[in-house]
Amino acid sequence: MVAVIGDASVDPAGAKAVAARQVGALIIDRRWRLVTGGMGGVMKEASAGARASAAWVDGDIIGVLPGSDPAAANPFIDVVIPTGMDHLRNSIVAHADAIIVIGGGAGTLSEIALGWIYRRLIVALPHEGWGARLAGMRIDQRVRYKDMPGDCIHAAASCDEAIELVARLLPQYQRRHSDIKTRIVS
Amino acid sequence: MVAVIGDASVDPAGAKAVAARQVGALIIDRRWRLVTGGMGGVMKEASAGARASAAWVDGDIIGVLPGSDPAAANPFIDVVIPTGMDHLRNSIVAHADAIIVIGGGAGTLSEIALGWIYRRLIVALPHEGWGARLAGMRIDQRVRYKDMPGDCIHAAASCDEAIELVARLLPQYQRRHSDIKTRIVS
Amino acid sequence: MVAVIGDASVDPAGAKAVAARQVGALIIDRRWRLVTGGMGGVMKEASAGARASAAWVDGDIIGVLPGSDPAAANPFIDVVIPTGMDHLRNSIVAHADAIIVIGGGAGTLSEIALGWIYRRLIVALPHEGWGARLAGMRIDQRVRYKDMPGDCIHAAASCDEAIELVARLLPQYQRRHSDIKTRIVS
Amino acid sequence: MVAVIGDASVDPAGAKAVAARQVGALIIDRRWRLVTGGMGGVMKEASAGARASAAWVDGDIIGVLPGSDPAAANPFIDVVIPTGMDHLRNSIVAHADAIIVIGGGAGTLSEIALGWIYRRLIVALPHEGWGARLAGMRIDQRVRYKDMPGDCIHAAASCDEAIELVARLLPQYQRRHSDIKTRIVS
């Protein structure tokens, strides 16, 4: 399952929308599933792209909604998961196997921060927003994976490269969050 | 999307497991999707039954996990949603369009209580546990739907009847939780 | 920290309100802290009673709100914790050291179910609602504490008895929830 | 209520610890309450500083824990709120009236992102980490407050200045998060 995150509102004719649709389609072409926050902008465009893939099968596109009403989902979601959790549903999106970032504001930033904590593979496209600002960087100095000195928010110059990075790196990103920390370090 | 909830551990040869598998299969036979908490017991048996339906398509069976690791899901889940939310993932299961109860302990009870708050259609089979204890009853006196004096945890004597009840009543259970209450009533 | 839970709306002159105020006052008289969901009904009356105790010190009364706005708290809360979590804030209330139940509907029932899972001491007064329905009963058959065959929702006939039960039993209720379950039992 | 957030582990003799203790003390000197995540590092040092203020009263220092066990709190917390929510408890800390940032990694970043969404006043000290990286910047271009063109993560050069900024700006930061977004913008 690959998450696509980014701006909750985009110009449907702009570069972010084009990239989101392309990434969505490529994810389905690979026979992965797509998960988003189920609403508009990058979430909607990625879902539309996924739906347009020749490889799409009903059930491939999951939307994890902030509200309680499944009717709020964009029309390209196959599996609607209403949560009633508001922005905390970002944490569920951030549990995806891999996360691809296209621009993004504060909500996207919260997903990146949580995805980093959850040791997820994160790939950022160069579109304006937190994707561009964090591409190639580390969120903090924690060692998420031993023997992986290059761990970072991986930068991808194109949608194809983003998908290639996910395909190549995902086998190395298999550790999961060890859940609740109960001891104080210092 | 129909949720099946109940005991997290059951005898695979016992009545609850048989019912869970049958309900799971009937849900898929109807071309609905199944959602469970993704773990063992009734969750696992319902998923196994769903997988065995001739109508099953990959993507029909959703498991919303308490932990962060998708590997914890039972082997019959198609779409694994790790949440890291522990028992609060019960609230997501309780957002399903309809909920079928097979026995159940405290976790199941929390899902029934939340499903009641979220105005969901709840149908209980007569198996020992909270399903049997609440079948035919109301959780409290709130009017969830005007002009629906018979609103309650609907009792079903058999799996077939449970599915029939869902099919017949679901169109009347379309109101959604109005989210956060911010005013004090008294 | 002792939680008082129950109806979100009560007649201020009725038996539930009187009991809530009395229990709130007795909690503070003991120099414990009170936690509630911060809104109306039993939550408000318990807080009012706590505030009226001669032993009350600012900071003794905590309200964990469903919404994001601290202004929604009832006027007797000292420490307002807005959560934006809607009914899931019930889970935080259910983490209190002990829980006293006065009546209650579905929200209260979700708190009792979660408090049972979290191995908390729960004492129910005989007022109509889930408190009365569950007093003296067990939520399910799990062994929350070895060597404690009498573990149940403890019934108290009066506010004084409820407080006595908390004082006497709390030292035995020290085990905490072991957090996220990641293995399937069967 | 003012939150202090930052590194979960610090050198007790280092600049971050000194600043955290000073900020904690100044918060209590002002007769505000302090809320932190209740664990170590900046959370612990701020709490220690708060406890050392001559104005401290029991109940002034709140710790919102990730786990279920109140015993995990650092020893300077007065009001322990165990949540069992893991990193999602960051969202509760981010609901404080104002947030002061001292360094910080991914957890702190998630709190800043959520605090920005919740329209909170955020003040960052110049210590290495997300505090320094975001001081003086905006998280995204949303208009959190009309007629407040200078809205940003406010930069403070010293602890005294941070407290002054909170005192001066807090009256302007009174809008609250309007909770769950249910419509798609585009």
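Should a chain be cited, it is by its letter among A, B, C and D, assigned in written order, with residues numbered from 1 in that chain.
The definition used in the following text is that a contact is a pair of C-beta atoms (placed from the backbone, for glycine too) under 8 Å apart; a residue touches a chain by one contact, two chains touch by 3 or more.
Model, not experiment: these values are computed from the prediction.
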Item to check | Any chain that touches subunit C and subunit A | outcome: B, D
Checklist entry - If you tally contacting C-beta pairs, which pair wins, A-D or A-B? => result A-D
Checklist entry - Looking at CA centres, what chain is most distant from subunit D? => result B
Checklist entry - Any idea how many Å lie between the Cα centroids of subunit B and subunit D? => result 39
Checklist entry - How far is the middle of subunit A from the middle of subunit B, if each middle is the mean of its Cα atoms, in Å? => result 28
Next on the checklist: Quick check: what residues of subunit C touch more than one other chain, meaning two or more?
Outcome noted: 67-69, 84-88, 91, 179-180, 182
Checklist outcome for this item: In the complex, subunit B touches subunit A at residues 1, 33, 35, 57-60, 62, 64, 67-71, 78-85, 91-92, 95, 97, 118, 176-179
Checklist outcome for this item: The answer for subunit B against subunit C in the complex is residues 8-12, 39-41, 44, 66-69, 72, 74, 84, 86-88, 91, 105-107, 109-110, 112-114, 116-117, 129, 139-142, 179-186
Checklist entry - If you look only at subunit A, which of its residues touch subunit C in the complex? => result 84-88, 179-180, 182
